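Each structure below is given as structure tokens.
One chain, chain A, links the two complexes that follow: it is found with chain B in the first and with chain C in the second.
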Partner chain A sequence: MSTLVLTIRESIRYRGRSGHLSWIAHRISGLAILAFLVMHVWDTANANFYPALYEWSIELFKHPLFALGEIALMAAVLYHAFNGIRITIMDFKPELWKHQTRSATIVWALFFVVFIPIAILMFRELMHGCAARGAACWQIPSLSDFLN
Partner chain B sequence: MQVHIRIRRFNPETDNKPRWGEYTVNDVNPTDSVLDVLHRVKWEQDGTLTLRRSCAHGVCGSDAMRINGANMLACKTLVSRIAKPGSDQAKIQVEPILGLRVIKDLVVDMDPFFDHYRSVLPYFVNDNVPADGREFRQSPEDRARFDDTTKCILCAACTTSCPSFWANEKYVGPAAIVQAHRFIFDSRDQAAEERLKVVGDSFGVWRCRTNFNCTNACPREIEVTKAIAEVKGVLARGKI
Partner chain C sequence: MTTPTGITYRKVAVPSNLERRAFLFMRLSGAALLLLAVGHMMIQHVLNSSQNLTLQFVAQQWSSWGWRVYDMLLLFFAITHGFNGLRNVLEDYVHNRNAVKWINRFLFVFAILTIIWAGIAIATF
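This part shows the complex of A and B:
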């Protein structure tokens, strides 16, 4: 079994406490941000190398599924930022280790307090935008329309 | 009480991959340890079950294993801690510690672990002669700086609870860093620089992700993550 598969499987199976769960959430949110950055670099590079592809990707990103992805991205960025600050503080102030469980809970609380209103605003924006566009909202733009 | 125990079994001579062995042990006292239950399985039901243990009292560190998902010492984990309160039954799942090659059943190859341990020079280094010709003196305050990390029994529960070690066995691991901490912060020792070179490289302390599994797994309640962060601090600030 590859080490990568073993590490992912056992990270889920290991019965860690709050620190372990925070670490898993930190990894997942980090990978989500990385996936966004890869996509972002790709579509921005297209503006220079393949302008038609860039135009198509911008149209594609208006699809509700991508809008939901933006909400997920917001969640990933917020959690990664808050938990990253927590870990940095723990590393610079080792004497605070006794508060590790409480600090992990505070990060989750802070995350939900900030994320929920933002998610509601973003979701409302998505619904308004979709209502204005009607059935076209759910259509995936055809790449051939932009290449011609 | 009755205990249902699932044990991760692997015999390299007959098995292609690990399998689960399931056993029921009756008349278990709630104050018996998981090691006692494993002994009952081995002595009464299946003599081929292979495990390490020596003192059976939490001192030698031989019987670290993954019990119900988390690393613990089998001899220090009581059945009453696992059973639901008021229940006369308990379910226990036992697996070998992770990240080290399984030799048989619950016995793993500890060589990589002890190689990392040796790499940090886990012994006192000072070639000078003490001023009074007898002993190197140390204030209680200086002694207190590394008191916690003298308690390590090298059971490997911390190192094998660390996802960074699962991902790459070249990572020196929490136990070796604890040993390095014990001597780096000893005011009488003179080899801190050499130890910092080992724990400061790319497979050293910077692989720590501060997830506290090691601290939670330590049967001696050593503040492992704190010790690692203190070594990180020395490396970052350049002074002890």
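This part shows the complex of A and C:
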């Protein structure tokens, strides 16, 4: 446990500046995507093996909290993708390392320019979906309704 | 704080061991996922929406071999890239070599099972 606390504290305190921030963001976004991915893949396989269970889960994923999680997932994927391009270019073109601070800033700028309009679109879809379902919007769908 | 005046670099011969291939695989699968994963997010979460998702929509997509191949490639590259990434992260924090060995075995088997299970789901839909 003390190792975990130490790891987290030193991960934040280490003064690597922009490159360090990118490194943390790349790790956290990658781990978050993987956590979602494993759930998503096993869940989507249910569309074939247990269709009733799948239909329940896609209703559950329309809940506003899951829809907000979906927007966060979009942020993680976009940042991880743009920063991944930067890492790959830097790995194969070491002469560009002199621009590494600027490259980290460009990735953040590109991320916000692409993510913000998409987040607005996804948030509007969330609101439309919620309005269409009315009071059921905030309810957790009952599994037994789908297994009959 | 001194500012570096220039960066020197030199070419070194890197042995082609498993870690070297894993390093290259992360860059190549990353490039593939740039199209597959970002494309998937744009198609399924922006052009379409989870708010309208139905089983019929999934059935319609998986009735075409184009989508099946797309999803199988995405499945393969996303799972392998993701689990190798998790292995890299864990090896930074877990220092017991025996524990690392067993964690890696577990991750490997779980990743393969995930690909097989979901691959069968897509292929036999």
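Convention: the second predicted complex is superposed on the first by the 139 of 148 C-alpha atoms of A that agree within 3 Å, B and C clash if a C-alpha of one lies under 4 Å from a C-alpha of the other, contacts with A are read in each partner's own complex, and residues count from 1 in each chain.
Basically, contacts are C-beta pairs under 8 Å (C-beta built on N, C-alpha and C of every residue); 3 or more make two chains touch, one makes a residue touch a chain.
What you are looking at is a predicted structure, and each value in this text was computed from that prediction instead of being measured.
**Q** Which of the two partners, first being chain B and second being chain C, lies in contact with A:69: first, second, both, or neither?
**A** A:69: touches no partner chain.
**Q** Quick check for you: in the superposed arrangement, does A:19 touch first (chain B), second (chain C), both or neither?
**A** first
**Q** Please indicate which partner A:141 is in contact with in the superposed arrangement: first for chain B, second for chain C, both, or neither.
**A** neither
**Q** Per the contact definition in the header, classify A:90: touching chain B only (first), chain C only (second), both, or neither.
**A** The answer is first: A:90 touches chain B but not chain C.
**Q** Looking at chain A, does chain B or chain C touch a larger number of its residues?
**A** C
**Q** Taking the superposition as given, does A:121 touch the first partner, chain B, the second, chain C, both, or neither?
**A** In the superposed model, A:121 contacts chain C only, not chain B.
**Q** Scan A:7 for contacts with chain B and chain C and give back first, second, both or neither.
**A** Once the two structures are laid over each other on A, A:7 reaches both partners.
**Q** Which residues form the common part of the chain A surface touched by chain B and by chain C?
**A** In the superposed arrangement, which is not itself an observed complex, chain A uses residues 3, 7, 91-92, 94-95, 97 for both chain B and chain C.
**Q** Going by the contact rule set out above, which residues of chain A touch chain C in the complex?
**A** Touching chain C from chain A are residues 3, 7, 27, 30-31, 33-34, 37-38, 41-42, 44-49, 51, 54-55, 58, 61-62, 66-67, 70, 73-74, 77-78, 81, 84-85, 88, 91-92, 94-95, 97-98, 118, 121-122, 125-126, 128-129.
**Q** Once bound in the complex, which stretches of chain B touch chain A?
**A** Contacts found on chain B: 66, 68-70, 98, 161, 163, 166-168, 209-213, 215-216, 223, 225-227, 229-230, 232-233.
**Q** Residue numbers of chain C touching chain A in their complex, please.
**A** Per the touch definition, chain C meets chain A at residues 6-7, 9, 27, 30-31, 33-34, 37-38, 41, 45-46, 49-55, 58-59, 62, 75, 78-79, 82-83, 85-86, 89, 93, 114, 117-118, 120-122, 124-125.
**Q** Please name which positions on chain A make contact with chain B in the complex.
**A** Checking each residue of chain A against chain B gives 3-4, 6-7, 10-11, 13-20, 22-23, 26, 87, 90-92, 94-95, 97, 100.
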